[in-house]
């Protein structure tokens, strides 16, 4: 059974639907990448999973349970986590407090998880007392991911994690994602750095006009000339 | 009920339809009030409502178009009021025959000297004065200017107050006074704007509240100029008063109607002209530019729009209307009473009119102003009716009447108004007639 | 010596008392602003309401014949705080939550809070009438006079019991709030939400809970502020409405959303008011002996006449904002 | 038919604190009329209340509603000077309606060009201020500090007091305005205290800023002696304060009518469950009662003639009518006998401008009670 | 050297609190070039743009535009002299439609003066028709036709960036500063955009100054490329040269990610 499965999801901000039937399935071991033209509904798909807009049709199953239209404070304890593209750290809180906020829904002791996050991002351990607003773009992205990992999610969703990062950080971030995935966290992310992302993705989804246009492994999509021409910039 | 059912079938989401429906409802309300209250009283209500609409239109220019949090409405209304006193109040011979004008002239010179001094200090960097020295020089200049001005104005004020009461007016036509009110408001708005428009949102709001309080304190305590708490009245009207009609042999009750609708007609003519021009500018590229500045002033600046200049333009433009409206109200009520101005009645209520009506939509603001004003007036009998009944009901239940019910019932008019405001916002959070997005067809 | 005592009485004590009142009010305003991003204009009336609730409870105590060494109005405070907090929650549920749900702009919430102000004022007058009441109807207000004759002064330093209580309570509350916000999970969540509400939601923070806690804290604080104010002066329906402008000024000067800013702002405004009308002649009078014959200090050396007291506070406000456009502590804006 | 009496009252806005008591006092007079057989041959006298909000913008429409919509015969009110003038100019004067204000005490009202329609039962501030100054000087008090509420009432009173006091050789060491409704008056008190004055003259309202200043000055122990005007007078002054600390406090107030007019009123009010000496309560009672008398005298609910009738029932000579004596008054009027009302607030003799003249009494707190020391000579 | 420099930055510094974002930086952009500006995150690239475009006043140093000292001039004054910029984080007018967002850009619209809009409605209307036509063309080119009546605040992240770019096509500018327009824009569309930038440069003579992290794009468009790090210019030259610089490659490019 898939970790998360979207079946023909329809939804939008007002009465006009933005998603017209999106199908996505991800296993815990997968790295899924959503690509597509601007305005295709990629971010909207992630928001729909996370209960940030109204889903009017289809089902979203997570661990076998329909979670359509549940709110984040219900979803996070179930094992979902989301890193928005922008404004994804609490700038006035220290790095450590940022991580704590990620563990807000947990009732148990999260010291171990925090140690794990620091182990994965050693630079954060150094700066644990510093306000996150004083960090560089790449470091912030790590804080954001660390925050999302603090709830011990089984699925981590990321919206364009590499946007605006210099090539070196892009590499770092992608490496981190691969590492996190190896620790047993399913990944679903949206990327415009599509070629690079699909290169290590186990599943790829091409969305256009709120619908799936192509689905396959990352390698398949890169190899598909039609996909490459229309969506990956030739 | 059937009206509402019908309204459901009508597409209320369509701005034009919505406007027509709501304005019809407003006219029905006006007619109902007119029917209950009589023609004379309705004439009065409509005139005041329209004056408030003019003021609300001014605020809408500032907030609705420009996003400027002007909470100094009361201050600008008072400025307009004091101006019309100065222009249209009868000449005070006692003052002009005394030493007063000469002393005031000296005070004016002292004031100008002070301005010059401060201006000089502000430009002292041209002489090579920099940094902390310049700040120190500026503070010193302000202090000297303040002391010099006080040394001239204090004796002049004391002298005028003891010999002539106050300076009186020029005895000119009140309409000139209204224009002058707009002009003075413009000058003050320019100065205030230059100082404070760099502030954002709530910070600008509280700064303007402060400025408004400063204006009120000045006008309330400069007895030599405004007569302060002793009030200046009666102000002359630009049209015939009821007494003038009575002198022509018209019965008392009709004289009220003639006089009020005479004033109303004059005001309506002014309002229509103003409204037309405001609408025309707002509908075109000027309005688009202003909305852009409101949305994102940084981007607007980079797209070549002079943000500070344009915001100043809006601030002055809006304040002119507020000042004129304040002046018109003073003329109409025939009294300028600085102690009667309260932020809650004269600033926040105007904001309520704009927000409930629909910021950024002139028709909405007109609707909001008239509606809120009428609600405020009928809340007086309405609150009494509700709470007198409540009291007798509680009496009949054996709980005893509410003590001092006569006055407490009346005090509940603010409660009624509060309920109406919150309910209106709840069902129309963007205002009764929200700003219309200019979509292509 | 008398000059110093006079200065202590008239500037230090007065300013501290007034500053405590402003600070207590401004903390509530700033908290609500930080979390909910709107200027809650009805905060003053929430304060007044809290004071009336404490008054009612104190009257009940007195009627039951309970006699206490400290003012009964102070004793019932915890209960009154709880009741006011519940009412604050009710106000949110009834008036502000529906607007938030519909995504109303901050200014709409501000205007709605003006509506709430009017509603509360009407209700307070309907229930309690419009007259003035005193917590000290049945018990005298205790006044401490610290004799200064040992140090060569002829006048005592004077401070009343509620003033002492107020200063102590303000200090304790500020401390408590500090620990709550920096140490507790919920407090941190409040700061997180003030920082970035969307991200807080995404992190799974129960934003509805945070909002509720905010209103509870703000309501309880309002009750304390109102009651302390009423203990110090008297109780009337427009008790705190009349000082809502300086309270907002304090919150703004400090930087909206900053608890410490609110405290600094409260004391800044209070001391500006107090010092602007302070007659410097009274402390400089000894200099008269040094001045040459025939020259004396003027009888009144205050910066402005008292009519312009609040004006000075606002001038300070405007100047502060010109130097630091979002307040001393770099506040948020809506 | 009912006879309508307009109550134009500033129950919202800055003086809401005591406007309620004034409405109640006025209603007491109306109740007395109705309980004793009604007006104009058994008709009911009804009060129609409207809110002037102490603001010209609101008082105008409210007065107009009374005049043009409710068609009242006369108006009791308004309370603030500004709103009274606005109401008079907007509606009462053009509508030929008599107004009696119980509290608009500023000298401006005297000069209003009102066709003999605007009256007041409160003594003009000018008179009381001058008398108070004479009294203090005669008692050997030569240096005082003054604080006044910054409105027409306080300012008018203080201006006159200061003028007379300095003219008589006294020194006003400090003259400081205060705004009503603030929490803290210590800076104002401090400014006066620092001037060296040990006597404080308070021209404000007992249940507003004036009372708060008194409290805070007592707490600080700043002054030896306090002096107050009519706004400070009343039993409430002692009710909520330690009387011993107020020993010697001097109050001035319009002279009560000869005889026991005030005591009678006080009893009537207490019986009805009211506090008799709320601020301007007696003046309010008198204003409403006088209007009823004038209407009765005028013989109809018409507006024409009320003004002349008012002057007749209010002024000597004539048989004395005291508060509450409605039946007696009606009988005398029926018999064609001239009457003269002596009110709770004083003799109420109107002068040409519609102001009450009359003496000023002074009161001193002695041994925990307020003792009337009689008229200031 | 700056004989034909259209932008000449001389010894400019800017500090934020304790942090020096731009440190005594000097560089110039030649007329008619497409100059690239790259560097790690936080190098001070956007800050430099803000200084050049007048959004930030530098602590010290000078900016010359077309040979004139423009340090401290307001953005709208620079716009009038022919400089146009985009923002890294989209600065759309969120309560206006996409079309209106573009229509407000052209300067000197008679309808923007109160007097003209009141007294010369015909003139205003004529210009308005022109502006609308232009805006519609741009919107179609950006493939935003279907959302032209949507509020800009409701557009997707990439669509906002496109709108940002569209503004530069609304007027004839001498110099266009592009701050990471490619981030978040779909690669296929980006090809068309790059082609258009080249066309505007060649045919219309626009000068472009481009911040970008997309090395393919920089490589395709820009010559020369300036590298910034820690607020200073550390290198300048054609892309091939930059790529050959080991230090830069290490600091900036890192090593390519391994496929899984």
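Each chain gets a letter, A, B, C, D and E, in the order it is written, and its residues are counted from 1.
Everything below uses one rule, namely that contacts are C-beta pairs under 8 Å (C-beta built on N, C-alpha and C of every residue); 3 or more make two chains touch, one makes a residue touch a chain.
According to UniProt, the chain labels map to these proteins: B, C = Branched-chain amino acid ABC transporter permease; E = Branched-chain amino acid ABC transporter ATPase.
Remember, it's a predicted structure, so these values are computed and weren't measured experimentally.
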Touching both chain B and chain E (chains): none
Between the pairs A-C and C-D, the one where more C-beta pairs touch: C-D
Of all other chains, the one whose Cα centre sits farthest from chain E: D
Computed distance of Cα centres, chain E from chain D, in Å: 74
Rounded Å distance, chain A centre to chain B centre (Cα mean): 53
Inter-centroid spacing, chain E versus chain A (mean Cα positions, whole Å): 30
For chain A paired with chain D, centre-to-centre distance based on mean C-alpha positions, whole Å: 76
Numbers and ranges of chain A residues touching at least 2 other chains: none
Where chain D touches two or more other chains, by residue: 11, 16, 19-21, 150, 177
Where chain E touches two or more other chains, by residue: none
Chain pairs in mutual contact under the definition given at the outset: A-C, A-E, B-C, B-D, B-E, C-D
Chain C partner contacts - residues on chain A that touch it in the complex: 50, 52, 71-73, 75-77, 82, 84, 87-93, 97, 100-102, 104-105, 147, 151
Interfacial residue positions of chain B with respect to chain E in the complex: 277, 280-281, 284-286, 288-289, 291-292, 294-296, 298-307, 313, 317, 435, 437-440
Complex contact set, residues of chain C against chain B: 33, 39, 41, 95, 98-99, 102-108, 111-112, 114-123, 125-126, 129-130, 245, 248-249, 252, 256, 305, 307-308, 310-311, 313-315, 317-318, 321-322, 325-327, 331, 333-334
For the chain D and chain B complex, residues of the former touching the latter: 7, 9, 11-14, 16, 19-21, 23-24, 27, 47, 49-51, 53-58, 60-62, 64-65, 68-69, 80-83, 85-86, 89-90, 93-96, 106-108, 112-113, 150-152, 155-156, 177
List of chain E residues in touch with chain A within their complex: 38-42, 88-89, 143, 147, 154-159, 161-162, 180, 183-191, 213, 215, 251-260
